[in-house]
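In the two assemblies presented below, chain A is common to both, partnered first by chain B and then by chain C.
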Partner chain A sequence: MLGSYLIVAVGFWVLILIVLPQLSMFDYSFRYNLPPAEIGTEKDVYTTSNYGHFFQGNEGNPDRLSVFGMETDIPFNQIGMSVFFKTIVAAVFVTLFDLLLCYPLAYYLGQSKGGGFVRSLVLLLIIPYWVNEILRAFAFRIIFGATGVINTSLVGLGILDAPFDFVREDIALYAGLGYAYILLMIFPIYNAIESLDHNQVEAARDLGSPWWRIHWRVVIPFAKPGIVSGCTMVFMLSAGALAAPQILGGPSSLWFTQIIYQWFNTGGNWPRGAAYAVVLLITCIIFVLAMMRIFKVKMGEIGK
Partner chain B sequence: MSAGIGVDLDSIWIRFGEFVAVRDANVEIKGGEFFSFLGPSGCGKTTILRAVSGFLEPSEGQVRIGGKDMRGIGPNLRPTALIFQNLALFPLMKVWENISFSLEVKGASTAERRKRADELLEMIALNGQGEKLVHELSGGQRQRVAIARALCANPDVLLLDEPLSALDLKLRQHLRTELRAIQQQVGITFIYITHDQGEALTMSDHVAVMRAGVIDQIADGKTIYDDPSTAFVASFVGENNMIRGKVKSVNNGDVVVDTNRLGTLAGRLSPGAKEGLQAGDDAMMFIRPEAMHEAVDDRLAQNRIRATVIHEEFEGQAYNVFMEGDEGKEIKISLVNKGQARFFPKGETISLEYDPAQAVVLPAGEIASE
Partner chain C sequence: MRSGAAIKFFLGLYMLIFFGYLLGPLIIMSITAFNSPAFPKAAPWECLTFEWFGVLAQDERILNGIKNSFIIGAGTVTLSVLLGLAGALVLTQVWPKLRATYYTVVIAPILIPGVVLGISTLVFWDRVNTMLGFSDESLFHNGLFLTMLGQATFISSYCMLVFVARLQRFDYAQTEAALDLGATHAQAFRKVMLPFLRPAIGSAAVLAFLASFENYNTTTFTFGKFPTLTIELAQKVRYGINPSISSLAVIIVVLTILGALAYEVWKRRQKLAIANGAPIAAVSGGFRLPKFLAGNPAAIVLTVLVISGLGTVLFAQNYSPHTCKIEVKEEKQRQIQLRIQKLQEERKAEELQEKLKGPDIFTKEQRKGDKNPGKGSFGDVFKPGNLGTEKEDKEKAKQKNPGKGTFGDVFNPGNLNDKKNKDEKKE
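Let's look at the complex of A and B:
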């Protein structure tokens, strides 16, 4: 009874709410951007021009692809592509930053025996997430602003002569993104480390191991599924983030999602936006699968 | 055997807040000896082991290994290796990697580690099992891998925290012999923690019996069993019939006790007793089940007890007979099975006799709870 309910519920969720919308987006990405009257007419045919646009830019684009410094005469979407790669690299950076920040914390939470204290720490981590994402992003803007608490104290302490523009330098953006997904990194690692028998840590120490080798040989291999699971979520979500880049990004910086958003919204070109989104999605999936292959983690382990 | 590295505990106190886990422990463990700490759970024996291995520092007193004060020296730098109660083998490493982990830490080459692991695998009779993962081994095999892993670190002192407790009886008895043999072979000091008196008595050169943070007696197994120092030791180590009473007379170690429910009985003050006895003192007399047998006649004497058979239990190597004295005091006796028929019918009253030299009298004190 419960079993069949679960199958129906999960099936509905996966099929109706995930697969079908994504498939229709995928379908959109291969169509021309036609006025409503022409949809369904003989003009409404499949095309790869939207993907072509991602690589080559608008017609008459003066930029050319260069391979190892050799300029070819293939047009190249310089701006779109550089934003795309910058987004991927920045998402990797945010992921690594969160990992470095969260691993020690998750280790401490997972291995310490002090129940009540740890529980209140976890609660303190969760409560800020009751505040909505946009509000948190604006709060970061205030903190990192010219008259924000950070600049005021740095100037007040005499460390800086003039306020530093954290927003222009994208520091506010990276901090905001890193902060936004911290819990998604901590909890999977915490879960994994919590089930690690502390005697193993002590055994390694007793056998002469310095602390870093204990982590390298005993704790990290054990926590690997949790680490990969956390990294995957943080990477996917920061590569696909929109609110934080909109609010915290510097005037000159653009996140790839913002370009997608522009095509959908201000550009009014849904097929092109869909194509861009598909490119981002597929790239992220390939990247994550490649990382899982490199670190020898199986898909099944992540679900643990 | 070479004189190995000894361990001295010098006036050790260990406190956790208000709670005193170990109270003024003074132990001298000679190099190359098999030394056991025996006591019920929560008596502080594991705490002492952790203080020797370096996972905690005593609140007061000194731990010396090979005469050297160990204060401030972490577990990774002490010449000790610990075998954990649950073994704590690394599940994601192969057996040979587990064994040679201490060499990996020292930066040894793979070939060297492999060679040493193979040597140790041969010693523990697990040749060719190095490539397996830990979970592919049986309980007894894992046990031996844990020993090999600890020995690979070339410790001067091997610390064992109830490593056999999770195994079944047959395997446990087998590994006892094996552990003792390994200890003789490598000649290093073994410190063994257990709540199982059988393990402690069979393997150890010396045993320290602990109760609630206090060491009651340190002696060889036979002395612990025959000449206990306190009522606790007498009641904890092995089985005993405990008989309460008041001392009637003391004459050069021979003690006569007016027991509460079994009349006047003769015994002797344990040579190991911490305190002496005087007439009128509260005393406890301990008579082992195997120290009593059926008397040849019904004559009454100060080494005889009349009791009625309640039931009889056949244990294989012995019969255990549960009886009741005239005033309801329970008595258990144990008779070696020499092929005789069961001859204690229920309800029959029998006169039991014992040698007063085997009836140990001690000042009344705390006894081990069942």
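Let's look at the complex of A and C:
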């Protein structure tokens, strides 16, 4: 009875919830957008047109791919591709920003002897994490809005003449994204550094190593699994974020997930949306594999 | 020594910036919940008000969202705990060569973007539905069903991690002993392993519920006709915001703090008791106040918070921001009046200046000539593009209204109704 529970539950989870939906989405992304009545008829054939659309845009698209300033004849989906690269690059920057911000605190918390003060700091860290993602983005909209706290104080102090449009410049979005996933950066690094024997740091210091070399040669190599795991989580979550770009994004700039969302909702072209989602998924898989290969970290260490 | 002080200063500054970034937004948002302007603002403080909590409590969509969130949460928690537990148990039993692959597969949902999980769930069950020839109203298109499955896909992985961590400390000799003494596998599981896993089941359930409650990326594709609280919030925030959302945030923040503090109190009590040599079982029951407050700062903070929270609620019952609001309104009107006066004065000054300058006759005539250099008395009748564009325009017009001839849309069946409606309105 126990055995059958395990087999049924794990089979259901792995097959019905994880593998088959992904495969079905992959299959669906190679099909035409047909009305329900025509699905399964001879019109329902495979096509790569949805991926073609991602790279080349609609038929008759005037934009052409240019390689190192040379114009080519290949059509190029300016909007989709530029949004895609913007999303990836921005997600990388958000990740680096979080890493720089979190590393010192993680080191401080991890190496101090514990005690009430550190415990209450950890408690303070956890509180924003349980507040809804939407509400966190909403808080940033209040702060960065035209009549928000930052603008009113800057104008009030005479630093600015007119309110600065943080939302249009995407500053609000980057601040909000960095904020949303900061804890997924700090806790893995904290956990890793906590197990570092402080004597190692002391020994390096006694041997005359400056503080930056202690970090570079002793602490960072030791905390590497934590750092890689934090960076991976933050990158994946910011690249796949939907709420923050919808709430904080400028009116003229899009996040890649927003394009996917549009194909499913207002666009009404599910196969195309699925193709875009597959592109996002494959990018993320490549990113994780690259992180694991470059930093020689195992899957199990990222999952922690 | 000086460098030591500098390091301390920079460390302090850094901590200030870090926690300012972390908590500042929440504090400002909480302040806006008590300020009276209809757009959430913290900066020009107008009146202390509690009305936004009232607005929140009467918001049908929010209440409905909370209901749906709880239904979905219950389903997701049950499913995720069951699947996660099975996943963790299988991990310990699975053939070692397969273990790495199996682990990668069941941990992958955490790393797959939530958007992709939502889409794949939606697409998969839609295909299943078409394949089985069910109608659009079947279970496989039901928002509750899809959302539970979509969320359970990755929340099960979280639960599994919790169970794996707990199982690492399990001594398998215990189950073996039970089996040796004649227990069946099911009995050994129920009487030995399950009690050991009970705390992990609790924390996995709490974790699963919170993750389900605040999930947006997956749910936004699968919710169908059952929007959860998070979905409703996102809709509200995207299309017009008011401070009732802030008041909801205040409630959530306060609940979070209370929960965190209560957890801290509970942990410390356990630690204290264990240090004093009491068995754990003795610690988890009974509540003796004076002893428990001693040497437990978290407990003191918790008590103070609860009392001040109750005080605020009582105060809010008897407080009315009405007079303050009227004052603010008057103040605003006075300022508007001042601004109008200023504008009027400026305009008068401008008019005076213009009069002093005198009329200028020449510029107008000259400008006209400059603008249309090629146009004589025929205007631009002979412009080569004219004919073409006219034709095109007409064609376009035709395409736009394919059914309309000379009669316009006299025969449009909707017309009569429209007229009727108009007549009714007139009456």
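FYI, the second predicted complex is superposed on the first by the 279 of 304 C-alpha atoms of A that agree within 3 Å, B and C clash if a C-alpha of one lies under 4 Å from a C-alpha of the other, contacts with A are read in each partner's own complex, and residues count from 1 in each chain.
Methods note: contacts are C-beta pairs under 8 Å (C-beta built on N, C-alpha and C of every residue); 3 or more make two chains touch, one makes a residue touch a chain.
Just so you know, these numbers come straight off a predicted model, no measurement behind them.
Peer 1: Could you check whether chain B and chain C clash or fit when both are placed on chain A?
Peer 2: fit
Peer 1: Once the structures are superposed on A, label A:Arg213 by its partner contacts, choosing first (chain B), second (chain C), both or neither.
Peer 2: It touches chain B, and chain C stays clear.
Peer 1: Report for A:Phe222: first if it touches chain B alone, second if chain C alone, otherwise both or neither.
Peer 2: first
Peer 1: Tell me the contact category for A:Ala204 with respect to chain B and chain C: first, second, both or neither.
Peer 2: first
Peer 1: Which partner does A:Ile127 reach: the first (chain B), the second (chain C), both, or neither?
Peer 2: second
Peer 1: Which chain, chain B or chain C, is in touch with more residues of chain A?
Peer 2: So, of the two partners, C touches more residues of chain A.
Peer 1: Which partner chains sit in contact with A:Phe117 here, chain B, chain C, both or neither? Use first/second/both/neither.
Peer 2: The answer is neither, since A:Phe117 touches no partner chain.
Peer 1: Give me, in Å and rounded to a whole number, the least C-alpha distance separating chain B from chain C in the superposition.
Peer 2: Scanning every C-alpha pair, the shortest chain B to chain C distance is 5 Å.
Peer 1: Which residues form the common part of the chain A surface touched by chain B and by chain C?
Peer 2: In chain A, nothing is touched by chain B and also by chain C.
Peer 1: Under the touch definition given earlier, write down the residues of chain C that touch chain A in their complex.
Peer 2: 11, 14-15, 18-19, 21-26, 28-29, 32, 39-44, 82-83, 85-87, 89-90, 93, 100, 103-117, 119-124, 127, 130, 149, 152-153, 156-157, 161, 185-186, 189, 210, 213-214, 216-217, 220-221, 229-230, 233-234, 237-238, 241, 245-246, 248-249, 252-253, 256-257, 259-261, 264, 297
Peer 1: Mind pulling up the chain A residues that touch chain B in the complex?
Peer 2: For chain A paired with chain B, touching residues are 197, 199-200, 202-210, 213, 217-218, 221-222.
Peer 1: Which bits of chain B are touching chain A when the two form their complex?
Peer 2: 53-55, 74-77, 80-82, 84-86, 88-93, 101-102, 104-106, 149-150, 153
Peer 1: Which positions of chain A touch chain C when the two form their complex?
Peer 2: These residues of chain A touch chain C: 1-3, 5-6, 9-10, 12-14, 17-22, 24-25, 28, 36, 39-40, 101, 104-105, 108, 116, 119, 123-128, 130-143, 147-149, 152-153, 179, 182, 232, 236-237, 239-243, 246-247, 257, 260-261, 264, 270, 273-274, 277, 280-281, 284, 288, 299-300, 302-304.
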